[in-house]
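Read through the structures below before going on.
Here chain A shows up in two complexes: once beside chain B, once beside chain C.
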Partner chain A sequence: MEDIKKLEEFQAKIDADLKIEPKDWMPEEYRTHLQRQISQHAHSEVIGMQPEGNWISRAPSLRSKVVLLAKIQDEAGHGQYLYSAAETLGKSRDEYLEELHSGKAKYSSIFNYPTLTWADIGAVGWLVDGAAIVNQVSLQRTSYGPYSRAMVRICKEESFHQRQGYEIMATCALGTPEQKKMAQDALNRFWWPSLMMFGPHDSESAHTANAMKWRIKRETNDELRDKFIQKTVQQAEVIGLTVPDPDLKWNEADGRYEYGEINWDEFWNVVKGNGPCNKQRMRHHIKAHEDGTWVREAAIAYAEKQKSKQLVA
Partner chain B sequence: MSNTDHQGDVWEVFIQSKPGLPHKHAGSVHATDKEMALQNARDMYTRRQEGTCIWVVPLQAIVSSMPEDSESFFEPSDDKIYRHPTHYIMPEGAKNI
Partner chain C sequence: MDKKEALINYCLRLGDTSLILGQRMAEWCSNGPILEEDIAMTNLALDLIGQARTMLTYAGELEGNGRSEDDLAYGREEREYYNTLLSERPNGHFGETISRNFLHDAYLYHLYAALKNSKDEMIAAHAAKSLKEVTYHLRHSSEWMVRLGDGTEESHNKVQQAINDLWEYTGDLFEMNEVDNLLINEGIAVDMNTVKQAWDNTVNEVLTRAAIQRPEDAYMHSGRLNAVHSEYLGHIIAEMQFLHRAYPDATW
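And then the complex of A and B:
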């Protein structure tokens, strides 16, 4: 059969670490896997602006305000890059948004947690962007060309995100006792949800096998999670904060940290829509989209008018 | 790459990072007219002094060769090694050539 031959050629290309481009033949499941993964990634960037946007008007200094604005603007850009990459797979942006609004498409559950204090903005930059960076650095080598190129661009921009978050955390942690308490409280609430960002254990993950075979993912959920933990625990120690994991300990012989198990009931509960902010996030996104309808209509009407003027002239 | 949505057409963005260098593909934007395309491209792709000049081109205006044509398109030149300077035998001792 022709498809079997094509499939063999496709896999040979992947195995040779050649990129797949939009017009190349690809198996249908490869296409749908990417459509799901890239759009979910795009939605996460955009929804992720909400918990941070919550603090723009209350940022404690002008410096922290311009930094936060620049960071959030970057995230909007990341969403755009990723939607563009997803669109090369033959679905329109309207369709992707429709899937988000109907609940068919997911976004990262981390953004369903609230940002209650200024230290939470520090925790988001340090931990949430930190976890995202570990994942995105690995995805720079993904097999789909447009996704890989978007990741390279995003990774360049991300490096300041984590540093600005860690700077906020350090300032709080080394400040007054109340500020230190606020930093510790932020770490307590964001630590486990950040680890959940890497997704279920490899043994539980429905998509891992195909994603690895097709080199959409280059490292598994558990491998990436481990990388993040090994890096981040030391950073907490430096600023005198305690990672809220009673099983966490340094293994001298292996030269690495050992750690406890995630509460997977909480993970699945938030994925299913029962996190603290799921409804609020989606309501806000739909409202912003609907409020923008007249702008899109006006822009299209203006473009039509310009076109007919050109025809007359 | 459907353009049937309400987000405007897709425009491909090319950026020249320094005077004298060629414009390089950076990504794409959605826009309903050329001014908007240029402004969106500036906002999205040059937030960190990445460029000195931007081109935006409607996706529909781009003609691309197809992967299935690549054999007839690119392979014939493989046997024309005389197009490369290494094909030519230079006399012993000749310099600066």
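And then the complex of A and C:
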């Protein structure tokens, strides 16, 4: 009985658009849904450092090197706040990392695609961060307070990243014939995986109904994907690139683009671990974590020695 | 050699050293022992490459042939790079990176502290700005030296070994030639013997706190002043320059 009353109060708060805070009562499913979603988001920021980091040493100008380094540093910072937000739900960062390493937790499949050329760094900023922003703008109004506040901060930085990515893409697209080819190739490879970032169709999505009821998500996967397509197609046209969708056309009457269907077999394949880089990304992360074990142990041992010295003194 | 040639060479030494160490630090991206260190090391790389840009731009301006920072970074070969031998040492494990950086940060700290009084306004301004950054870098590496040196037996041994192995590259940091002599007379450069004394004090103080033994001075490698490097440098710059060189007509 008591739980039913609590649940009603909880839902009333949500319906009144009040934020749920860490110490508030929440249904267990709400907690686990958020633990899964926020940690997945944090892991994505961190794993995303790998494909982008792949080009720091080869960035074609010192300015572009500095911009890329600063961007990756921001992404790592986002990972850090998101882990902190996820920790308010009663699990430690170490536990979340164990779930990542065991394969229980996921990260965005987009980072299982390789960055093969410099233009891919443009595509990641423009398309991947562009898709992430559409999702994150919506999540600024999510019902869980710490997640919502993290999103407000993250959105500010992401919009810079998207502009920087577009700038790289535009510079290539408007450059020499080889650069233009590189830009078109990057768009060809990253377009569909970027659309897949929004997740399955609403009808296929296991988590959408609860997430909407609890206002964790404010818009559905399909609504967000549509927003992204409508704004991005025009950006491609402006720099003379062709979106690799033969069914894409402008519908004059509705004032919007119509588009083709995603290859869902590819989507599920990558989710299940068969993307070009799934194993590489995970091995890399686990190796860095394991190589760092002695460092973390030393830091703890040192801190404990200092503590006992203080006690003696 | 005239004053201008000497000054260009001096700027390349400073710029190249920051660039190569920055390139090394960027290799740590996504490989740090904890996320916070990943962020810190990327930040060091950012500061260092920023420093390199200032000095390479200035070297290009002094030269007066229209070479930009990128022309200098991407257009020179191994035998035209004047970075310190220490800056190009491989990262190795975290303790090796921290040891290399500590020895190097202490060097740049005292070098910039002295150069901020340089009679060349650009060098003085660059030194003052870089000193603020390097103060933080030195604090970061010193704190880790102490934590690792006085942490576990394993971390202590790893760092002691790293310092022993790197020691033979520290002599190169303080060598001088006619460039230094000419610029010291002009009040532009500083006497590296003075920098060495200050460096010795910092290194001794931190190594003592870290319970790490200072190695005996023995044979020291040399090469920076004549742009004679280890084999590592060629690989660092080959990777760095590949795209820029592959598309010479492109702008990015």
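The definition used in the following text is that the second predicted complex is superposed on the first by the 313 of 313 C-alpha atoms of A that agree within 3 Å, B and C clash if a C-alpha of one lies under 4 Å from a C-alpha of the other, contacts with A are read in each partner's own complex, and residues count from 1 in each chain.
Note that a residue touches a chain if its C-beta (ideal position, glycine included) is under 8 Å from a C-beta of that chain, and two chains touch if they have at least 3 such contacts.
Because the structure is predicted, anything quoted here is derived from the model rather than measured.
With both complexes placed on chain A, chain A has more residues touched by C than by the other of chain B and chain C.
In the superposed model, A:S308 lies in contact with neither chain B nor chain C. Of the two partner chains, chain B is the only one that A:W25 touches; chain C does not reach it. By the touch criterion defined above, A:R296 reaches both chain B and chain C. Of the two partner chains, chain B and chain C are each touched by A:G77. By the document's definition of touching, of the two partners only chain C reaches A:L69; chain B does not. The intersection of chain A residues touching chain B with those touching chain C, taken from the two complexes, comprises 70, 73, 77, 80, 296-297, 299, 302. Chain A meets chain B in the complex at residues 21-25, 70, 73-74, 77, 80-81, 84, 87-88, 90-95, 149-150, 153, 157, 296-297, 299-300, 302-303, 306.
Per the touch definition, chain A reaches chain C in the complex via residues 46, 49-50, 53, 56-66, 69-70, 72-73, 76-77, 79-80, 83, 118, 168, 171-172, 175-176, 178-179, 284-285, 288-289, 291-299, 301-302, 305. Those residues of chain B that touch chain A in the shared complex are 1-8, 10, 26-30, 32-33, 36, 43-44, 47-48, 64, 66-67. Against chain A, in their complex, chain C makes its touches with residues 19, 23, 26-27, 29-39, 42-43, 45-46, 49-50, 52-53, 56, 69-70, 73-74, 93-95, 146-148, 150-152, 154-155, 158, 239-240, 242-244, 247, 249-252.
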